Amino acid sequence: MKITDAKVIICSPGRNFVSLKIFTDQGVYGMGDATLNGREKAVATYLQEYCIPALLGKDPQNIEDIWHYFYRGVYWKRGAVNMTAIAAIDMALWDIKGKMLNTPLYNLIGGKSREKVLVYTHANGKDLSETLEKVGEEIENGFFAIRVQSGIPGITHTYGVPKDNKPYEPAQKGLPHEDYWDTSKYLNFAPKLFQKVREKYGEDLLLLHDVHHRCTPIEAARLAHELDPFHLFWLEDPVTGELQEGLRHIRKHATTPIAIGEVFNSVYDYTTLFTEQLIDFVRMPLVHGGGITHMLKVASFASVFHIQTGFHGATDLSPINLAASLHFDMAINNFGIQEYMPHQAIVNEVFKINYRYDKGFMYIDDTPGIGVDIDEKAANKFPYEMACLPVNRKNDGTMFYW
Amino acid sequence: MKITDAKVIICSPGRNFVSLKIFTDQGVYGMGDATLNGREKAVATYLQEYCIPALLGKDPQNIEDIWHYFYRGVYWKRGAVNMTAIAAIDMALWDIKGKMLNTPLYNLIGGKSREKVLVYTHANGKDLSETLEKVGEEIENGFFAIRVQSGIPGITHTYGVPKDNKPYEPAQKGLPHEDYWDTSKYLNFAPKLFQKVREKYGEDLLLLHDVHHRCTPIEAARLAHELDPFHLFWLEDPVTGELQEGLRHIRKHATTPIAIGEVFNSVYDYTTLFTEQLIDFVRMPLVHGGGITHMLKVASFASVFHIQTGFHGATDLSPINLAASLHFDMAINNFGIQEYMPHQAIVNEVFKINYRYDKGFMYIDDTPGIGVDIDEKAANKFPYEMACLPVNRKNDGTMFYW
Amino acid sequence: MKITDAKVIICSPGRNFVSLKIFTDQGVYGMGDATLNGREKAVATYLQEYCIPALLGKDPQNIEDIWHYFYRGVYWKRGAVNMTAIAAIDMALWDIKGKMLNTPLYNLIGGKSREKVLVYTHANGKDLSETLEKVGEEIENGFFAIRVQSGIPGITHTYGVPKDNKPYEPAQKGLPHEDYWDTSKYLNFAPKLFQKVREKYGEDLLLLHDVHHRCTPIEAARLAHELDPFHLFWLEDPVTGELQEGLRHIRKHATTPIAIGEVFNSVYDYTTLFTEQLIDFVRMPLVHGGGITHMLKVASFASVFHIQTGFHGATDLSPINLAASLHFDMAINNFGIQEYMPHQAIVNEVFKINYRYDKGFMYIDDTPGIGVDIDEKAANKFPYEMACLPVNRKNDGTMFYW
Amino acid sequence: MKITDAKVIICSPGRNFVSLKIFTDQGVYGMGDATLNGREKAVATYLQEYCIPALLGKDPQNIEDIWHYFYRGVYWKRGAVNMTAIAAIDMALWDIKGKMLNTPLYNLIGGKSREKVLVYTHANGKDLSETLEKVGEEIENGFFAIRVQSGIPGITHTYGVPKDNKPYEPAQKGLPHEDYWDTSKYLNFAPKLFQKVREKYGEDLLLLHDVHHRCTPIEAARLAHELDPFHLFWLEDPVTGELQEGLRHIRKHATTPIAIGEVFNSVYDYTTLFTEQLIDFVRMPLVHGGGITHMLKVASFASVFHIQTGFHGATDLSPINLAASLHFDMAINNFGIQEYMPHQAIVNEVFKINYRYDKGFMYIDDTPGIGVDIDEKAANKFPYEMACLPVNRKNDGTMFYW
């Protein structure tokens, strides 16, 4: 069996998506997600100029070999652009394998470990009272697990909170928007927010919160400690994770579970985090984490240390990645939770999906492979438009983490 | 899809083998190896009394779920009897999956990462000069990698050395034979043996040696240090591995690579060994290591620390395990080497095999699933006969490691 | 002196027990417990097929040698089936030694270190109020130390809580029952339970609680921290102990003492736990922990780190094990507490016991050896019936720890 | 002051180079190197699509702010494509700063710490005897420090050794060439090579050697130990550095200094390496290491642990990077050595350089800024041609590190 061709499809139904389609001499093709929010074209070039020519003629069945061919072949290993390109190839190869063997992806990576996939949604309000309202709405939508973000008194625009009444989407057309940030205000506010949420909605709701990399290690330790009484399901990205050791302080002072990884791309980002048990959930998505082949290894490694998955699942990843993630979530034992931020309706004009949400859980059907296809004609109607994630500055103008 | 029946087949074509056959409502059945040398009937009872009744009605596609059902379901986790039973189930389920999807096992666990599997053989002589001769014979048989064991001056019977001119087989009919051991004599002899082998056959030959758990940590450090100049491919089981920390001394004093694991059965036997990088090769076989599902996780965990596989492959494991191991060896990237000790011809009257040896490498064909079947009529001709591995005593009668 | 015969007796007076009886040429016989809850027949086969033939002719006085003969002789060391078989042999040999010397077991392993054995009992209620009642009843029964487990709001059946008004027995006839579990609900409830118990019964009562392996390391740290104000005597099995390192977080956040070990079987399960002082009590019972010979070494090692014993003593172990444990508890200095869950009356039709409970303590008489005998005729009236411990699934169907 | 425009120039005088030119409203422009060997166009797209639009209007004097703008602004931090783009911007901004202040770069980052820059060259032969000859030639060329690589008996093409009589260049036109590798042959040969070099050329010559990531940790420890008697200046990339812990074994067994980093791009690649003192030289080049701004911090951090620089300086980096490196080498105190592999003459038709080699040292003149300019007309004569670094397979076909 041979790969005969491959192409990159960039489209922008509401937001940019990069997809990879790999063709074979058996008539079967595979789809992979290659979307790297705000850097889409770098991945597209990487695939078009370097990976696609090297794929031609290879046997798509030998996924492990092809994975290592691209991972080791680049010399400059790891990195988001590189690992996203490899992930797209890997997903497309698993999609082909499933289609060739006429079976859904989950059946190839362990079979069903559960009947449905627990997801969490986002409740975002411009202030405490609107946030409380939004939490209530999502409870009515059936969610058991809700990520709560709120506008902070004294900070105009806060991460995770929509500016108008549109659905929240952090990337904006054109160049990065510059936001303002003040950790001190945030640290004073966050525990009050969760106190109110618990008071209003009780102790059973699974609550999540995203710090978005903005605390120093000792600030994060304070925050996690002060959130302990509200029993969060997880606290996400409390520090910028490049310094793996930065999480040690939190673990000394708090028992709030920690989730990290949405900006990571390699198993080597986790050696200290796992072996020192500094985190509880891995958020690295398939699409940036080198695909299914690599993430199966990361999840296995995590499982030894009783660490679960909680994949990033914002709208900056295409339905192909979401479907692949749901297969993965269905199959592995140490699945924890899946982020679910529904794509806008317009996205489904381009991507034909095989999953659905119902009462707090996601379900995926038995379409062979990953099961999401792209309507290329529809895709052509939505040409790429540059859009970037914001940047942050402190009050004095200091460039800060976003 | 449902499991409709399962049965245990015990036969003894030259030596005892326990096999598990799982039947499904789709007509397809799967084969797994359940042989635990010298404790065969304990595993058979375990399967017959507890596992088979619980398998009936389960969907054989959900391998991950079934693995955890038996692993977690027993409460008394880990242990060779338990993990061998789980391994047999797991192998049979993967065999079924391959047959249902009409594809060889290796294609389900990554595809081909290589064209052929490097194996090592055994050269055993009753004394130094016969051992040197045997090494020469195995070189003529095409082997690049040879495990060298020799009779030791002053020790009548030594592990790894046949007593008569028969092929070596440590298990003997009836109760355990009592051997005699003297580490001191062994430590004085072993470096001389390898000096002679290197002098006669040069530096390119890959040499392996098995200490068979018989050194204390500091004895092992001395031995490994004194073997350093002869550049072994690996030194196997230098200490008894129950005390994971026992390998630390070796690593301080020697750079001879270390292989361990043929008596282990759980990923938790490796947490210290891997994270402290105390070993270089994992020898835990699929059949005792919980099967393919578990060993994929162990191999993934190992790969992060640049540790390779080198599976136990003596004749005490059935052709089903050998074939499954060869699929595994073909598919994973961090394969190192495979032990190969050919079964006696009589074994192949019972087991129909799909692999062959040629010039230092093993090859496996594309039969769907694991690809080894059992001829039950032929099996019935060789009823179980109790056979045990030896025990060791020191000169004064002290019970020692074998 | 020689062993002339041995036999395995399986009976089921209310629940299954496996006993080993070793006969000698001096007319004296010894009794050992070989019960492994839910896997009884695997141990029986192990003993019948491999151990009993090897015992014949051996001198029963050489207990240390025989222990190592079976421990080292199996090659596949450790594991519950194996270690339970060895434990049964070891107990029977100590029983013989006591009878030959006409002295109770405790007199052979140190003599009396105390006059009576502190025990704890179980108080289990279907909800908070019933549990409080049951605690009161056990106080009236004279217990100073009570393990408190309660039904949890939102979870139908909880570990440790009887379903009807029968005495609690987790193993059920036939295949494993599938239970449902939700750690989140449990974590919210447990501190409230102990707050109420302390409010109602004061601070002097020794309170114990069993988490039954169901927390991740960070969940366990939260729980232990929130239980700190209620000064538990111990928190049992807060995490699944296979990952010894999993207890480190608890030690950072809580001073509640930790007990672990009822699913362990080897001294090598404790190297990290002891040397890092991660636990305070060893719960590994004689019957699964390789018998008296091995447990004396484990207890010695524990004493170096000021760790005490607190043996598992549920009804899934026979009166032989309970009596042997009481001798052990009487003799060693670092005894902590003994679990005591009385067998149903029917059990004592088969086993003739030499111990009694009175006002919070157990007493054992001076019958030589272990002092428990079996009435084989009575035993024959209760033939083996398969019974299994339950398994647990999460809400979405995920296989979980039980 | 404002940035008014920027453009990417890709040219291929013998090999591909990517350069960034930033224009300002003061007439001054700056040059940066953006070459990522074998992935050139991915960086070009990254710059063109995302960085250049964001640069326009910014004040080029605020280098620190701009560095953080791009580093933090991308969200997907680190990674070779990203960090190379940032490095190009950073170099160009420092070039502008130097030109605006009419002073050479070294004068802005500390002034001169030395008069000349110690460099090492490459001596590569197809076999031991040719390699010895080449070492002699380079001694005659005045070099005090020589990296010695040699063809290995039994391996057709070896890293670092030219195939024909052309200057060595690992990247080849078109898709990756597949090479063959056998670590075992290499390990046997390398110590002999250095024994001969020392025998022939004495002990004063500074000898370097590049393992090119191809050893496992224990193989690297053996090699370093066996090279100890030959007193290498350094051993480079003994293991693949993704697993920082992989260098621990070497440090236990050898005192040969270790250099690493040519495939790294972030200060976070060094936290374990520096704090555990696992390396002695940092080889991360400015062009892949985020530029001058970031590398000043890496060098500062290194200096705390008495670690020196030894920057990668192969021909896969443009003269702009080489000149910038020489300024850096001149200015910092903990400079160790600089790799120097002369560009082919044709390269200097495009790049106008300000440095020269003389008797073992490099010298850079006082041209303001970095001091290298590009002749765009000349550049246009050499259009980009795809070229890739090789990949490696082992004898059985296993994909291996190159």
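Order of writing sets the labels: A, B, C and D. Residues in every chain begin at 1.
The working rule: contacts are C-beta pairs under 8 Å (C-beta built on N, C-alpha and C of every residue); 3 or more make two chains touch, one makes a residue touch a chain.
It should be emphasised that the depicted structure is a prediction, and the values quoted were computed from it without experimental measurement.
Of all chains in the assembly, those touching chain A and also chain D are B. At the far end from chain C, in terms of centres built from Cα atoms, lies D.
Averaged Cα coordinates give chain A a centre that lies 40 Å from the centre of chain B.
Centre-to-centre, using mean CA coordinates, chain B is 34 Å away from chain C. Chain geometry summary: the mean Cα position of chain A and that of chain C are 45 Å apart.
Centres computed as Cα averages put chain C at a distance of 63 Å from chain D.
In chain B, the residues touching two or more other chains are 65, 68, 112-114, 268, 271, 304, 333.
Contact topology of the protein chains: irregular, matching none of line, ring, star or complete. Here the touching chains pair up as A-B, A-C, A-D, B-C, B-D.
Residues 36-39, 41-46, 49-50, 53-54, 65, 68-69, 72-83, 175-176, 240, 242-245, 263, 265-266, 268, 271-272, 288, 386, 388-389, 391-392, 397, 399-402 of chain A are the ones touching chain D in the complex.
The residues of chain D lying in touch with chain B in their complex are 154, 184-185, 187-188, 216-219, 221-222, 225, 239-240, 243, 245-246, 248-249, 252-253, 394-399. Residues of chain B that touch chain A in their complex: 59, 61-68, 97, 101-103, 107-108, 110-114, 267-268, 271, 275, 293, 296-297, 300-301, 303-304, 331-333. Residues 112-118, 203-204, 206, 228, 231, 233, 251-252, 255-258, 277, 280, 304-308, 333, 335, 361 of chain A are the ones that touch chain C when the two sit in their complex.
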